[in-house]
Structure formats: C-alpha cells, structure tokens
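In what follows, subunit A forms one complex with subunit B and a second complex with subunit C.
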Partner chain A sequence: MDILKYILKRLSFILSLVCALVVISQAMNTDEYDRYLAGYKERAEFLSMAFDTSSNLTYYSVAAKYAGGTYIDEADSMLLELLKDPRGDMFWMFPVIGAYLYGKEVMSPEVRDAVRNSWKTYAPYRGDTENHWCMYYTSLYLAAEQWPDLPGQEWFNGKSSAENLQKAREYIIHWIEITTTIGQGEFDSPDYLPEYMIPMLLLADFAKDPAMRKRGKMMADYLMADFAVEHLDGQYVGGFSRITEPGVYEPLRSNSSAYAYLYFGTGEPRITQWILFPALSRYRLPEIIYRIAVDRDEAYVHKERKRVRNVIRYGDEINPPVYKYTYMTGDYALGSLQGGILQPIQQQTWNIRFTSGRPHTAVFGLHPYWSGYELAMFFPQRKKTLVADVVPSKQTYNQPDKWTGGSPYERTFQHKNTLLVLYDIPEGTNSEHISGFFPKTLDEVIHGDSGWIMMRAGNTFIGWYPFREYDWIEEEINWRLHSPYRQNGYIVEVRSTDEYQSIADFVSALQDAIPETNLQQNEVEATYRNPEGDKLQFTFPDRRYLNNSPVHIEDYALFDGPYLQAEVGSQMLTIRYKDMVRVLDFNTLKISEQ
Partner chain B sequence: MKFRYAYLVTILILLPSMLLTGKGEEDNYSVYCAVLFSAPDEASMLGYAHPARSVGLFRREIDGSWHNVHHPNLFSYGLGYSHHNDTFRLYIAGGNGLHRSSDDGKSWKVLTGWTTEDILSVAPHPYDSTIVYVSTPFGVFKTSDDGQTWREKMEGMERWFVQKVVIDIDSAETVYAAAEDDLYKTNNGGITWEALGVGVPQILEIVQHPQNNDILLAGTEDHGVYFSHDGGETFMPGNGFPETAAYAIGFSGDGTRVYAGGYETGLWKSTDNGETWKLIWDDDSFDAIYAITVNPYDQKHIIVGTNGAGLYESTDGGVTWQHAGLYGAHVQQIKFVPGS
Partner chain C sequence: MNYILFRNFILPVSAFVLLIPFVLYANAGEEYTIYMSVLSSRHHQWDNIDNPVIGIFRSSDIGETWEHIGWRGYIRTFYTETGPDGTIWAACGNGVLRSGDNGKSFTITTGWEITEVLKVRVDPGSPGTVYAATAYGVFTSADYGQSWTEMNAGLPVLPFTSDLLIDQNDSSVLFAATEEGIYRSIDDGGIAWKPTGLKGMGIRVLVQHPQDASVLFAGTEDHGIFKSSDGGKTWEQRNSSLEHRTVYSIVINPVDPAILYAGTHGGGVYKTSDGGENWKQVVDGLTNFDVHSLVILPSDPGIIFAGTLNGGLFRSADGGESWEFNSQDGGQVWGLSVTAVQD
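Right after this comes the complex of A and B.
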C-alpha cells in the first residue's frame, strides 16, 4: 500500500508539474502573441502615419485621414479634387471605395455625392487577369452594397445595384472556389499579393453580408498562410507566377515584403500605398500563421499545386496544374516550379533566396524566352502583333538579358536542396542562350577545377555545376552567367553551415559529384548523385527518377508540408504548428481551432 | 433571303428621304469603329492625356472628326447593330463584356457577366432583337432573351477560342464561327456545330459575299486568305495573297470586289471572290491592317483600320489614300451603320 501511495503521490506530482508547465507555456505563448499584437499595432500605426500626414493627392492619403479621424476637411477637398479626373480602372476602384468606406460617416454630403456620382460617370475597365477581376468585382460588390436599389442608369455599366451585387458576388465566390479546389492562378506573387489581400481585407472589414465578410477574412488567412510557409526573413521564396524587376534580384523591394514587415515583423519597413489598407484594417493575423512565418528552426520540404491562369489558345486544358517544390531552412530557401510556360511574361521558375548579403539575396537561372505564341496563349489579341502590344507596359519582355519569364524549353527536378535544370531550345528561338544571376553581395565565389562554381552567402553555401561552357560577365550589381548553347543545363546544390563547416568542406564534398549528361537535341538528359547519395535521373521534359523510382509530381496536393495541408478539390486548408491547428473550411464557411 | 429583302426595304424607305433632303446616300449612314488600344504619343495628338482615354467606340462626325460615343476607356474589339421596329441598337464587343445602347450611344448597358470575359465579336440576329451571338476566348455564347441570360454554344467544337461569329445573309439559323482549329458552321442556331475543314488552323476572320451565301472567305493567322465558292464544302488558298496573317476582309456592297489585309501585307484586292489577289496599296506607317470596310453605297470608298496608325481611306477605289483620323489607334472593326 505504501508503495502504491508513493507511486500515486509521485504521479500526482508529475501530473501537477506537467499541468503547470502547460499553463506556463500557454501563458508564455499568450504573452508572445500579445507582444506580437503590440508590435503589429506599432508597425501598422507607423505605416499609416506616412499617409495620414501626407498631402500627396492620393486616395490612400484620403483613406488614412478618414480612418484616423483627423484632417477631415483636407481629406474632403483632396477627394473632391481626385474625383474630378478618375483614372486607373480597377486600380481606381478599390482605393476609392476603401476611402469612402473609411470616411462615409465623416465626409461632407458634397463629397459623398461626388463619390456616388463617380460610379455612374467613370467606367473602369475590368482588366484581363485574375488580380484585376478580384479588385474589380470586390470593389463593385462593396459599392453595390453601399448604394442598393439604384437603377442601371446610376451605374457606369448600366446594370442595377442588384445586378451588380449579384454578378460581383458570383465572381468572388467563383474565385474562392477555384483557388481552394485547384489552386490560385496568379499564385505566390511577391508583387501581386496585395492585389488579392486588399480586396479580401475590405470585404472582411466592410461587407454588409456576414457570409461575404467571413469569406474575406478566411481568404486573407488563406493567402497569408500560403505566404507564411514560403517566407524567409521578409522575402517571398520559391517559384513565382509573377515577379518584376527589381524584386526578382532585390527581394525586399517586392510589395509582399511590406506585408512581411507588417504581419510577420520581418524584413524592413517599406512605405508603399499597397500596405495602407492592411495597416488600417481590423484584420489580425492568426497566431498560428505568424508562428509558421517566423519559425525556421527545422528545415522542411513544402509542396504545392497551383494552376496556370486561363489558357485561351494552344492548350489542351484551360487551367493546367503547376507543381511547386520548396526546401526551406533558416538560412536559405531553394524553390522551383516544374518549368514550361505557366504564366506569361513574369514567371520565375526557380530561385535560391538567402538571409545574408542584402539587398541582393537571390541566385537564379532562366532561359530568356519571349514570343507572340506565349502571349497569345493568355491574351486574345493577334499573335503576330502581341509582343509589340505588350512591350510598352512590360519593357523587358523581349530583351535577351531579362531576368524574368518562363520558357517552354526549361524544366526542373528538385529533391530537397538539390536542383537539376535542363534546357532543350530549338534553333531560331528567342533567345538561344541561358542566363544565371549571381549578386556581387556574395561573400565568396570560386570557379573550381572540378567545374563547380562555388559560392558563399553568409551561412549559405551554393554550388552551381554548368553542363556547358559559359561566359562570366560582370554587370553593375551582379555577375551574369551566359551560356550560348541550346541543349544545356546545370545542377544547383545549396547547403548551410549546419551541414558543412566551411566552404572548403563544401567544395570537397562536391569535388567528385559530377553529373553524366547527354545534350543532344531532343535527347537532353542528366544523371547525378548528390553528396548525400541521392540519385537524380532527369530526361527532358518530364521524366524524373529519384533513386531509380519515378517521381509523380502529378500527385501533389494543393498544400503538402509540415504546416499546411489541403487536398485537391477539398475547399479546406488545415494549418498546423506544433500543438496548434486551424482549419479553414470554405464548404461551410467555418474556421475551427484547436 | 429575308435579310436581303430587309436590306432592299431599308433602301426603298431611305431613298425618298434622300431625294427630298437632297442629301447623298452616305449621309444616311454613320461610320463607327472599335478601338482597342492607342499608342501614348499618338493619343496625345487626340487631346487625351492618357492612352486609355482614346479607346472605345468612335463615330465619325460630319466634319470628319471622330467622337467617342461611350465612356472613353472601353477596350473594344468589335461592334454590331440591329434595327427592328423602329428600335435601333448598337453593340460594342469589348473588354468589359457586350455593351448595348438603344439610344444612339447616349447610354449603355453591359449585357454579359463575368463568365464570358472579353467579347471579341458580336452578331445580332437580323430579325429578332432578342437574339445575339458573341464570340469569346471561351467559345460562342448566345442570348435568346435580349441579354438577360447567356448560354455557351460549343457542341461539336474542339477548342474554345473563337475570334469571330457571323450570321449567314440568308438564314439566321446558320452561323459561322472563326475558331482556333477551324471554321465552324451551325445550321440550327448554335445547338450543334460542324467543322468545315479549311485545312489550316487559327481562323481569325470570316466574311460572306453580300449577295451570294455560297461564297465565303476566311482569314487565317499564318496562311493568308482561304476561299470557298460552295458554301463551305471546300476551301482553297487565295492565289497571290502572302502566306501570313490575314486579319481583315471586306466586300464591296455589290460584291464585285473584295479587299484583304493582315500582318505586313498591305492591302490586297480580288475581283473573283477571293481566288486571286493583287496588292493595291502599302504604307510604312503601320505593320498590320485589322479592319476593312467599303461604303455600301459607294464601291470606291474604302476605309482601313490599322494596328497603331489609325484609319486610312480611299475614295477612288484604292488608287490614292489619305489618313482618316484616330492617330495611334489600333482599330479592330469599322462599319457603315445605316439610319443612326
């Protein structure tokens, strides 16, 4: 009995201790999240202050003034001035309805009438991409809610308030449904994240219909979770649907980095109009997403399935799948799409991004391809004149030295922190070479006898093994690898000081890691065994073997990694972090938490 | 045949008023054109501060100037009109959908929703104003209730991009669709379609002889002009026209001559319904011709819409040409519209 009592006593002590630890841990967690929220508030105030006190004639300054409840007269006169000449189409719609929604209770009746009248007299263009439609229809939805029961004559498009409300609602629900079933079309864009987040936040804050408010909030969670899991030190990482210069080689210049600063407290403060509405919003990032964004203690593989934006010509499917693979560590991330034309103009098929050597914290390669054929896949104008139509707004598109864009003649195969890239470029293609970007902020670059180009960026070691001869060209902020061979490829290896003590060790490990290649036209292939002993066999375009077993990228889920899981078609996203779970169920519009 | 009678009736109705007023026939028409883009430098010549401000549907005024009859930034691919029971309707096929005006362009309503995306062409039914066909990047859509609802009409089509729809001059149930893989025809108002087998893909233009519905001409992306003289049973390549893009084809009102142009082609003319072609005009100021129309009452009056150089016209059958306005405009379609 004494023994039993002793055991019970001990057990009860241990149980009490565990309970106490859990309570303390939760208290610490709560404290940490409270600290996060306090920091968030400071950052939001800092960002909105730049607009609140600004006399620049923008809808953003107006919105900030109304939201802050200060300088109302100034905001009124600014808004009246702006509404004399509305322009910007869907880029006009959301800031003007946003400013109105923040100010409608305090603005003068004259200004209120001017805003209303602008939705009658100015006809914004709907645009031709997913982000345009998201901005257009969400803004139209909110406006139609604000001015119900008006006949068609009172709206720029001749539709009544009820018609506009219904059509806009249908589109928003369609976009959410397609995104949560087969993936976002303009996915993971460092530059275009705000074009989706702002409409969703305005919806979450101001929709009168509770279901639409909920949709806005849940999609904000969805987009931010999608970002968080591929976020490193203020940077979006992995393959991108759309990225522009300079963000492609200076990651913190992308608009999503302003979101990283506001929501994750990472990177650097960045004042841009694209952050104003998030800074004003009542939306708060759920703790679980914040923690996923900043915890990089353990390396992980994260896979995703997205979709190509609407293919109107030359395709067998309207929205073919995109397969993403990202390897994340605390020092670097290596990420890739499978290759091919997945988006027009601004795709980035693969990159390495790292935490050291700001501002140019990226290494990547590409085939700088352009064609009317590519553009005609996505835009309805004529194939032969499309390049000339596009270049005025996308000036680098037809430049052989450009740094963005996908190619039908490029394919990737990634396994953890090893990447194999192959090119099989037909003669006569724009252009017939491949390029690599290497920033001058790298700490070391060694062109070794083995053929490997070895680099160090802080704690990150990068090895690049070109299959063909190349020129190493010095440019203003970078070296350019230029290899003028149409059948081509390279291996990229990335490791950190967790794995190798010095770059010398890394050089030594890769010394004998030389791929076998066949670089004949229509027969481009490579076999490679990495320092860990994994064997990658890759035949262009899509035959991939890992350790002699076929790799079925077509089996990828919408999200598959330690933090995010979602099945194709599910309309559900499960977010996990340690013992925390949050499920976004778009079928029932419910959020459940553990 | 009914449509031809309608054409004749229109002429007979208009003729007395023309004689009474002493005005020429052309004065009873307005010329409209649809503009998709406009080059910034050229747009400033139009007095617009922003290039987008010089796109949309334009009508030519008496003084020869062009006036935008819609909100001034509607990206426009095509236009159409119908005239029934004293109701005149204008349509714009544009980036925001299909727009309709029943008051001569004073007010407009968008008839389509988000599912149709860009509308690339419009074909209003010749006798029933409730029926309209449109072509889109995602197929042919049809309304039978005056634009309240739209149904996708794709049964029998292999691919979804359709550049243009045209209703047969004699049978309104017969419609042609210029699609990515072939030219399609329906004889039952779009319920089912059959491929005509032009022999080359990417059909961008389809026109019918104004009096003989057996004569069809198709413009292609890469293989010039194809013609059929047997109602689409067989197609042959037009002789002489370059093997490149043929974006625009336009018959004269009497059908005695037809003009065609495309990418880096200049303007070509055929007097045997598309079988043989002769180059009649070229100009370095543009690289492509997107639109051609011939005044239905004056066979020598031709207007050509270009890619980025606005409009040109000839009043002597194509011997001499003058710039006709809209500097910088990418003109997608031009029409002489009666009675507007």
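Right after this comes the complex of A and C.
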C-alpha cells in the first residue's frame, strides 16, 4: 500500500512537472509570437513611414499619408493631381481605391468627388492574366460597394453599381474556388505574389460584406502559407510559374522578398510600392504560418499540384495540372516542376537556392525556348506575329541567352536532393542548346576528372554532372554552361555539411556516381544511382522509376508535406506545425484552430 | 454540249451582267461608314491614356479623315460592326461593347465569363441578336447583350473561334471558324454545332458569295484558301499562284463577285478575277505584308482598305493594283467593316 502511495505521489509529481513544462512552453511560445508581432509592427511602421514622408507623386504616398493622418492636405493635393491623368488600368484601380479607402473620412469633398468621377471617366483594361483579373475585379468590387445604387452612366463600363458588384463578386468567388480546388495558375511567383496579396488584404480590411472580408483574410492566409513552406532566408524557392530578371539570379530582388521581410522578418528591407498596402493592413500573419516560414531545423519534401495558365488552343484541356516537388533544408532548397510548357515567357522549371553568397544565391538550368506556337496557346493573336507582339514588353523572350522561360523539350525527375533533367530538342527549335547559371559568389567551383562540376556555397555542396560536352563561359556575375546538343541532360546533387564534412568528401562520394545515358533522338533516357543508393530511371518525357517502382506524379495532392495538406477539389487547406493546426475551409468560410 | 455551255457559262454571266446595274443602282449615292479596330500600336505606350492611336476609329469620307470613338485606353479592340438599327458592337479584350448612341458612350454588355472576343456578328434581320466569336468559343445574346449564353456544344474541347458567318439566306444557320476546322450550327439558332469540313485546320476567316449563298470561301492558317459550292458540305483548295498560305481575310466584290481579295501573312494582298481559280499578288505600294483585315466599299468596289499587323492602314483606289498608306502607322489594324449610313 505504501508502495502504491509512493508510486502515485511520484506519478502526480511527474504529471505536475509535465503540465508545468507545457504551460511554460506555451508561455514561451506566446512570448515569442508577441515578440514577432512587436517586430512586425516595427517593420510595418518603417515601411509605411517611407511612403508617408515621401513627396513622390504616387497613389501609394497618398494612401500612406491618409493612413498616417499627418499630411492630409498634401495627400489631397497629390491625389487631385494624380487624378487629372489616370493611367495604368488594373494597376491604377487598386491603389486608387486603396488610397480612397484609407482616406475617405478625412479627404476633402472635392477630392472625394474627383475619385468618384475617375471611375466614371477612365476605362481601364481588364488585362489578360490571372493577376490582372484579380486586381481588376477586387478593385471594382470595393468601388461598387463604396458607391452603391448608381446607374450605369455613372460607371466607366456602363454597368450599374449593383451589376458591377455582382459580376466582381462572382469572379472573386470563382477565382478562390478554382485556386482551392485545382490550384493557382500563376502559382508561386516571386514577382507576382503582391498582385494577389494586395487585393486580398484590401478585401479583408475594407469589404463591407463580412463574408467577403473573411474570404480576403482566408486567401491571404492561403497565399502566405503557400509561400511559407517554400521560403528560405527571405527567398521564394522551388519551381516558379513566373519570374523575371534580375530576381531569377538575385532572389532578394523579387517582390516576394519584401513580403518575407515584413511577414517573416527575414531577408532585407526593401522599399517598394508593392509592400505599402500590406504594411498598412490590419491583417496579421497567423502564428502557425510564421513558425512554418522560419523553422528549418528538419529537412522535408513538399509536393504541390497547381495548374497551367488557361490554354486556349493547341491543347487537350484548358488547365492541365502542374506537379511541383521541393526539397527544403536550412541551408538550401532544390525544387522543380514536372511538365513542359506551364506558363510561357517567365516560367522557371527548376532551381537551387541557398543561404550563402548573397546576392546571387541561385543555380539553375534551362532550355532557352521561344515560339509563336507556344504564345498562341495562351494568347489570342496570330501565332506568326505573336513573338514580335510580346518582345516589346518582354525583351528577353526571344533571346538565346535568356535566363527565364519553360520549354516543352525539358523534363525533370526529382527525388529529395537529387534531380535528373533531360532534353530532347527537335532540330530547328528556338534554340538548340541548353544553359546553366552558376554565380561567381560561389565559394568554390571544381571541374573534376569524373565529369562532375562541384561547387560550394557556404554550407551547401552542389554537384552537376553534364551528359554532353559544354562551354564554360565567364560573364559579368556568373559562369554560363552552354551545351550545344539537342539531346542532352544532367544530374544535380545538393547536400550540406549535415551530410558531408567537406566538399572533398562530397567529391569523393560522387566520384563513381556516373549515370548511364541514351541520348538518341526520341530515346533520351538516363539511369542513375545516387550516393544514398536510390536508383532513378528516367525516360523522356514522362516515364519515371524510383528504385524500380513507377512514380505516379498524377497522384499528387494540392498540397502534400509536413506543414500543408489539401486534397484536389477539397477547398480546404490544413496547416500543421508541431501541435498547432489551422484549417481553412472555403466551403463553409470557417477557420478552425487547435 | 451547247446546253451545258448555256447553263454553266452563258446563263450565269448574262444574269450577272444584268445584275450589275441593279447593284450599282442600289449602292449609288449611298453613304458608307468604315469602322477600323486597332488592336495595338507600336506608338502606344501601355499606360498612356490620352494617346488615341488604338481602339475604334471610323471614317465617313472614304478614309480621308478618321474619328476616334469610344474609350481611349488600352482595351484591345479586335473588331467593330454596326447592326441594322445602327447599334455599334465592338469585340474587345474586355468583352463585347455596345453603343446605342452612335458611339458617344459604350457599355460592356458581358461579364467576367466572356473575354478575348475576336469577332462580333449581328443578325441582319434581328438587331438584338448578336453572336460573339471568342478565344473560349461562341456566345450569343438575343436581347441586345443584356444576357449572354454559351453555345459551344459540339465545338472542339478548346473552342477557340476566330470568325463567325451568318448565312445570308437563313440567319439561323451559322458557320464557325475554329482551330479544328469549320463547324455548322444545327437546330434553330445554332444551339449546337457539327463539323463541316477542313478538319484539323486553323480557320481564320469565312465569307459568303453575295449572290449565291451556297458558295463559301475559307481562309486558313498555312493551308491557303478553300471554296465550297454546296453550302459548306465539301471544300476544295483554291491556291493557284497563292504563294502565301496563311490567309487572315477575304473580301468579295459585291458588284463582280468573281473578284476577291485575300489578306495574307507575309504576302500582302492577293486578288483573283475568276472566283478563286487563280490568284495574283497585288502589293504595289504596300510596305507591310501582314494583311489582317480587308474591306471593300460597296458603292465603289474599286476602293479597298487593307489593315496590316503593325504597319497601319492602306487604301487602294484601283481595285488593289496599287496601294497608298492611309493612317495608323505602326498599328495593328485587326478589324475593318463597312456599314451604310442610316437615314
């Protein structure tokens, strides 16, 4: 009996201790999030102050001044001046309605009338991309809410307030539905994240309809969670639907990095117009998303399913799926898209991004492809003149040395931190070579006798095994691998000091890891066993075997990783971090937390 | 033999010769307005609002002067057409626009579901019935654009439609120019479609003979010109001396329908004087050879306008034998149409 009492006493003591530890841990966690919120506030104030005190004639300066409340007269006169010459289409719509919403209670009646009148006299173009439409309809929705009951002649498009509100609402709900069922089309774009976040934040802050406010908030969570799982030290990582130069080789120059700074406290501060509305917003990043964004203690595989931008011809379906695979660590990320043409012009099929060697923290390869046929899949103009139509606004599109763009003749197969890339380029294609980008900020580059090009970026080791001969060309900030063979490929291996003590050990491990290849036209294939013993067999374009078992990428969920899970068609996203869970249910517009 | 000669040659030619005075009489003295839709321009900056080098233009003096109407911004206008009641319809990136006050104001009749509208056609017998050919298929409205209905049943999975033709004898019959061939409407009003030739070809333009509705012409991407003499059931290639086989536009001389003009990619304008049996290139004075749109003046069929991709508008006063630059330097003159001035 005494023994039983003793055991019970000990048990209760241990239980109390565990409870106390849990409470302390929770308190510490709460303290950490409080510290995060305090830091966020400082960063937001710093960013908005830059616009509040600026005399640059922009809607962003105007919005900041109205929100700050100090320079109202200056904001009024600036806005009147700006509204003399509205321009910019959907890029005009959201900052002007944003400035109005922040200032409508304090601006002069004259300015208020001028804003209203601008929605009558200026007819903005709706655009031809997903982000254009998101900005256009979100702005139109908010404007129609502000000025209800007006007839069609009071609006630029001849529709009444009620009609504009209804049509805009329909599109916003449609966009959310398609994004949460089959994925975003302009997915994971380091450059275009703000074009979605700002409309959602304006909805979350200013929509009069509570359901629309909720949608805005939930989609902001959704977009930021999507970013957080592929975030490394201020950079968006993984394959991208759309990225431009210089962000493709200087990742912190992308607009999403300004968001990483504001929301995650990583990277570097950047004063860009794209960060002003987030900095002013009442939206706060949920703790769980912040923690996912900054915890890189454990390496993980994250898979996603997105969709191709609307295919209007030369295809079998309007939105074929895109399969993403990303391997995340604290030092580097290796990510790839499985597929061909997903987005013309600005796609990046694969890359490695790492934490060392700023500003050029990326290595990647591509087939620099362009064609009118590709553009005509997505744009309605004539395919024989489309390249000429596109080049004035996207100057690098038809350049053989460009650093962005997808190709139907490029395919990837990734398993953790091993990537196999194959090319089978028909004769006469623009262009007939492949390129690789290697920044000069790499700490070491070794062209070994084994055929492997070995590199080190801080704690990250990279091996690149080209299947064909290549030229190694020195350029201003990088070396360029140029391999003029149409049937081609390479292996990419990435490891860190967690796995190998030195680059010499890594070189040694790859010394005998030589793939078997067949580089005949229409028969391009490779078999490769990595240092961990995994065997990858890949036949162009889409036959993949891992350790002799077929890989079914078509089974990918919308999100599948330790932190995010969502099934195709579900309209639900489950966010997990340790014992925290947050579920975004777009079917019921409910957020549940544990 | 003599009977066949009489039936196939003497009779039609006689009928045609007899018809000429009537056609000329019908058009004589009638005034026409030409509508020009400029999709983009090398001289237009993306965000430059007050630079009216794109959008809708019209001329009531045979191209001597042009008036810009409608929105001045970048709304991507592909084509403009006037209905029998004078309502102006424009096919735009923003949707289908309508003006009921002769261009003073425009309304977007469509919502977010309809975009990239390449052509709009108005039923000549029912001005409130409108069809839109879009990158996402065909849509129709029976109430002046108040409401729109998708009509893609039977069209290809990706129903990209560049052009629509309303049968001049029976406006319930439509032909659609898709990327997978020509489709003909079935059931009244074109509720559904069935393929009716040139399977697998990208069709750019469809036109109908002004006097014989069974004769149709189709311009294609890469395959030249096809002619049907049985209302679209069968098609025969008509490419003799047509060196440039991507054909964006075709117009038929209303007075002498044996004369046709074709706007091509890279080859400028081609002309036939024998109903498409033989073609000759007529490019004297053209400085841009990507001719996307053509229009012929009914009251004086020797006057033809040719809209180019990035080279602006050209005019010929001698039946295409020579051309003069008219306007819109650097512009993509995607669409041209002509309409009789309303009394």
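Basically, the second predicted complex is superposed on the first by the 593 of 594 C-alpha atoms of A that agree within 3 Å, B and C clash if a C-alpha of one lies under 4 Å from a C-alpha of the other, contacts with A are read in each partner's own complex, and residues count from 1 in each chain.
Everything that follows uses one rule, which is that a residue touches a chain if its C-beta (ideal position, glycine included) is under 8 Å from a C-beta of that chain, and two chains touch if they have at least 3 such contacts.
In this text the structure is predicted, and so the values were computed from the model without any measurement.
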{"item": "Clash or fit, subunit B versus subunit C on superposed subunit A", "value": "clash"}
{"item": "Touched partner set for A:430, first subunit B, second subunit C, both or neither", "value": "neither"}
{"item": "First (subunit B), second (subunit C), both or neither touched by A:77", "value": "neither"}
{"item": "Which of subunit B and subunit C A:392 touches, first, second, both or neither", "value": "both"}
{"item": "Per-residue touch tally on subunit A - higher for subunit B or for subunit C", "value": "C"}
{"item": "Touched partner set for A:54, first subunit B, second subunit C, both or neither", "value": "neither"}
{"item": "Which of subunit B and subunit C A:318 touches, first, second, both or neither", "value": "both"}
{"item": "Footprint overlap on subunit A, comparing subunit B with subunit C", "value": "87, 89, 122-128, 133, 137, 152-153, 156-159, 167, 170-171, 174, 312-314, 318, 380-385, 388-389, 392"}
{"item": "Parts of subunit A lying in touch with subunit B, wherever the complex brings them together", "value": "87, 89, 121-128, 133, 137, 152-153, 156-159, 167, 170-171, 174, 310, 312-314, 318, 380-385, 388-389, 392"}
{"item": "List of subunit C residues in touch with subunit A within their complex", "value": "39-40, 42, 46-50, 71-76, 78, 93-95, 105-108, 111-112, 115-116, 118, 135-136, 157-158, 160, 179, 202, 221, 246, 248, 265-266, 290, 292, 309-310, 332"}
{"item": "Interface residues, subunit A side, partner subunit C - complex", "value": "85-89, 91-92, 122-128, 133, 137, 152-153, 156-159, 167-168, 170-171, 174, 311-318, 380-385, 388-389, 392-393"}
{"item": "Complex contact set, residues of subunit B against subunit A", "value": "36-37, 39-40, 50, 52, 70-71, 73-75, 77, 95-97, 99, 107-110, 113-114, 117-118, 120, 137-138, 159-161, 180, 202, 204, 221, 244-245, 247, 263, 287-288, 290, 307-308, 330"}
